[in-house]
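One chain, chain A, links the two complexes that follow: it is found with chain B in the first and with chain C in the second.
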Partner chain A sequence: TAGNKIFHFGACRVSMSTTEIRAGFTAIKANIQARDPIRTLSILSYPHSLHKVKSPDRCCITHHLFDFYVDKVFKHCKTEDSFVNRKISSIANSFLSMKRKLGQCQEQNQCLCGQESTEKLKQILANYEGLNVTSAAMKSLGELDILLDWME
Partner chain B sequence: GEDAFLPAPQNISILSTNMKHFLTWTPVIVQGETVRYSVEFQGEYERVYANESWIPISECSLLTATVCDITGDISATVAYNLRVRAELGASRSQWGTLKGFFNRITTSLTPPVMKVVADGYHLLVELEDMGPAFQFRVLYWKKGQERRMQQKVVKEASSVVHLDTMEAGGDYCVKAQTYVEAINRSSSFSQTQCVRAQGDTSLW
Partner chain C sequence: SGELYCSLLNPRNVRFESVNMKNVLHWSAPEGTGNEVLYKVKYSVYGVGKWIRKPECKNINRTWCDLSSETSDYEEQYYASVKAFLNGMFSDWVETTRFNPLTDTKIDPPMVSVSSTDKSISITLTAPEKWKRSPEEESISLLQVYPGLQYNVSVLNKKTKKRWFFSISNHTLVVPWLEPGTAYCVSAQIHVSAPLLDSDFSKEHCIATLKDK
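Up next, the complex of A and B:
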């Protein structure tokens, strides 16, 4: 079922469902990744995988990655394919729902950014800005499962 | 000839039941002509982050019917805008826009259809498959022992659910409600159904 999970972001716990995002992403993953010619680079995983992030930093990283996708990525992913555009809309609007839920952690002051998470986020932005905006956005969208796997 | 003036569709509304959402409107009448319609949606993301852009629903482009299934596109619990326009040849009407937003959290949830079966001493329930968004909360008890009511949460309505092993000749009752996690809401309970286990209660 579209089951909610309890996500543990350091001290903060949030009940969310990524099922609909995964379904939307799975439906367009091949299409999106086919638009990413540079397979040797990664936005989220270079030079270190997200999996090296310590628990206290999880909330900060997740919160800023949600902002990254909403503010920078989705708007540069418009395609000529109506089906793909509709799925991207579905994912983007689901991100807004999750962003709102994660906001609860911020209100409880449990989403503070340490040195390590700040560095990590800077690296992701540097990776992103190292490409032209459309390539960077498509690559980031194509790596959405990396983020979802890490979150879960 | 000169393109006909087309009025925008009126009485645009949403019918939303059990997480299935339909946009409907009253037809635009042009004598002797077939008027077609096109529907677009705009989520909160488009409104706030993507220059208030609108997204066409291809299944509802150049539609002759006056209803469009928007379920597939309303896939987040945020506020959506919806609009529809009439088209006849090269003529296009103004957009008719749904008054107010639509958020799937307002969908109406009906009690689940269920069938309670006494299979010998086994109390079983069959639940209607309402789609992946639905779970079921099933309550069951022995008649007269309402205070010892038990509960089972059923996450997939795919098959018959075994609730309990009954005492010979006992009467057992069941009721159920749906639960949709995506919107964190439940339906009201179904009608209670009671069955009797096989065997005779006066054996002792």
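Up next, the complex of A and C:
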């Protein structure tokens, strides 16, 4: 795919492209973030920025965050705007293919979860469950650039 | 007795303008007003509760406010907000969209320096530095901020108008097998693939290869 890059998540090495996701997100970023009025909470970066997580088990966090977005976010992000909806489903499809690739690392035990990532994932889920589903999903979608910035 | 409620129209087009992570808040005056209007500014870190006032931008009549210092952590995202007031009347607070310094900044072209022999030219490229509070502060190259940063280099033979393009990751390039005694012009651009950021091309730097011995 255009813009494929080797991502190193500890022992796990995966060739993926985030270019399409980036382009899709940039196209709907203002629209999606405008639907999120809550400034005081971040799903991915509360209380500490996702960037502060430098642990070797980045693969575990990335893999579980792909699951999180596929299972809990995209399906609750329907809007009245068909352009936005199309972009969301294209991003979701890209996530599915990245999730499959990362799954291979998990099968080879290269995606183990340490304490830091387990706690971070628990915090993310707690942040998510602290809001109603639609608000939590829309806020998570609006934070996609935080995930991409951290991955890259 | 009814309270006289006077409101001023809102500032317009409130947004961050950012170059090399020098992040400046800009806005336009409320419609139909000029520089008699005063403003105050506040900002907040996304995901953190409170709004923070910017004292240096209180009661100002200019329509910009440098928030580079307050938004220098590019692993965070920010909002800023402006309120206008005049003769006891005041507008609403008007917010920016969410500002991500990493993806929402514009990058300047690289610095280009060239030297030549009779059959080659050597090009050295320098990425711009991230904005810093003071000259004494340690410089951070945008190369450190964007590890995947690359340079697109254009080399033009002024005589034949033939142009080559190179895409390189390191900061030096030697172009061999050139014609002696010929002028070549070099221009370069910065390309970051993730997030997608491209600078403009630099102005051309021309140099002539030495004449044949």
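Heads up, the rule we're going with is that the second predicted complex is superposed on the first by the 149 of 152 C-alpha atoms of A that agree within 3 Å, B and C clash if a C-alpha of one lies under 4 Å from a C-alpha of the other, contacts with A are read in each partner's own complex, and residues count from 1 in each chain.
One rule holds for everything that comes next: a residue touches a chain if its C-beta (ideal position, glycine included) is under 8 Å from a C-beta of that chain, and two chains touch if they have at least 3 such contacts.
Remember, it's a predicted structure, so these values are computed and weren't measured experimentally.
Undergrad: Looking at the combined model built on chain A, do chain B and chain C fit side by side or clash?
TA: Aligned on chain A, chain C fits beside chain B.
Undergrad: For A:123 in the superposed arrangement: first (chain B), second (chain C), both or neither?
TA: Once the two structures are laid over each other on A, A:123 reaches no partner at all.
Undergrad: Thinking of the overlay built on chain A, is A:42 touched by chain B (first), by chain C (second), by both, or by neither?
TA: In the superposed model, A:42 contacts chain C only, not chain B.
Undergrad: Which of the two partners, first being chain B and second being chain C, lies in contact with A:83: first, second, both, or neither?
TA: The first partner, chain B, only.
Undergrad: Could you tell me the angle at the CA centre of chain A between the CA centres of chain B and chain C, given to the nearest 10 degrees?
TA: Spelled out: centre of chain A as vertex, angle of 80 degrees.
Undergrad: Which partner does A:148 reach: the first (chain B), the second (chain C), both, or neither?
TA: A:148 sits against chain C, while chain B stays out of touch.
Undergrad: Is A:106 contacted by the first partner chain B, the second partner chain C, both or neither?
TA: neither
Undergrad: In the superposed arrangement, which partner chain does A:22 touch: chain B (first), chain C (second), both, or neither?
TA: Second partner only.
Undergrad: After overlaying the two complexes, what is the shortest C-alpha distance between chain B and chain C, in Å?
TA: Scanning every C-alpha pair, the shortest chain B to chain C distance is 5 Å.
Undergrad: Across the two complexes, find the residues of chain A that touch chain B and also touch chain C.
TA: 3, 19
Undergrad: Please name which positions on chain B make contact with chain A in the complex.
TA: Residue list for chain B touching chain A: 41, 43-46, 48-50, 55-58, 72-73, 75-78, 80, 132-135, 155-156, 181-182.
Undergrad: For the complex, which residues does chain C have touching chain A?
TA: 44, 46-49, 75-77, 79, 97-98, 100, 102-103, 148, 193-196
Undergrad: So in the complex, the part of chain A that touches chain C is made up of which residues?
TA: 3, 5, 18-19, 22-23, 26, 29-30, 33-34, 39-42, 45-46, 49, 51-52, 142, 145-146, 148-149, 152
Undergrad: For the complex, which residues does chain A have touching chain B?
TA: Within the complex, chain A touches chain B at residues 1-4, 17, 19-20, 24, 70-71, 74-75, 82-83, 85-86, 89-90, 92-97.
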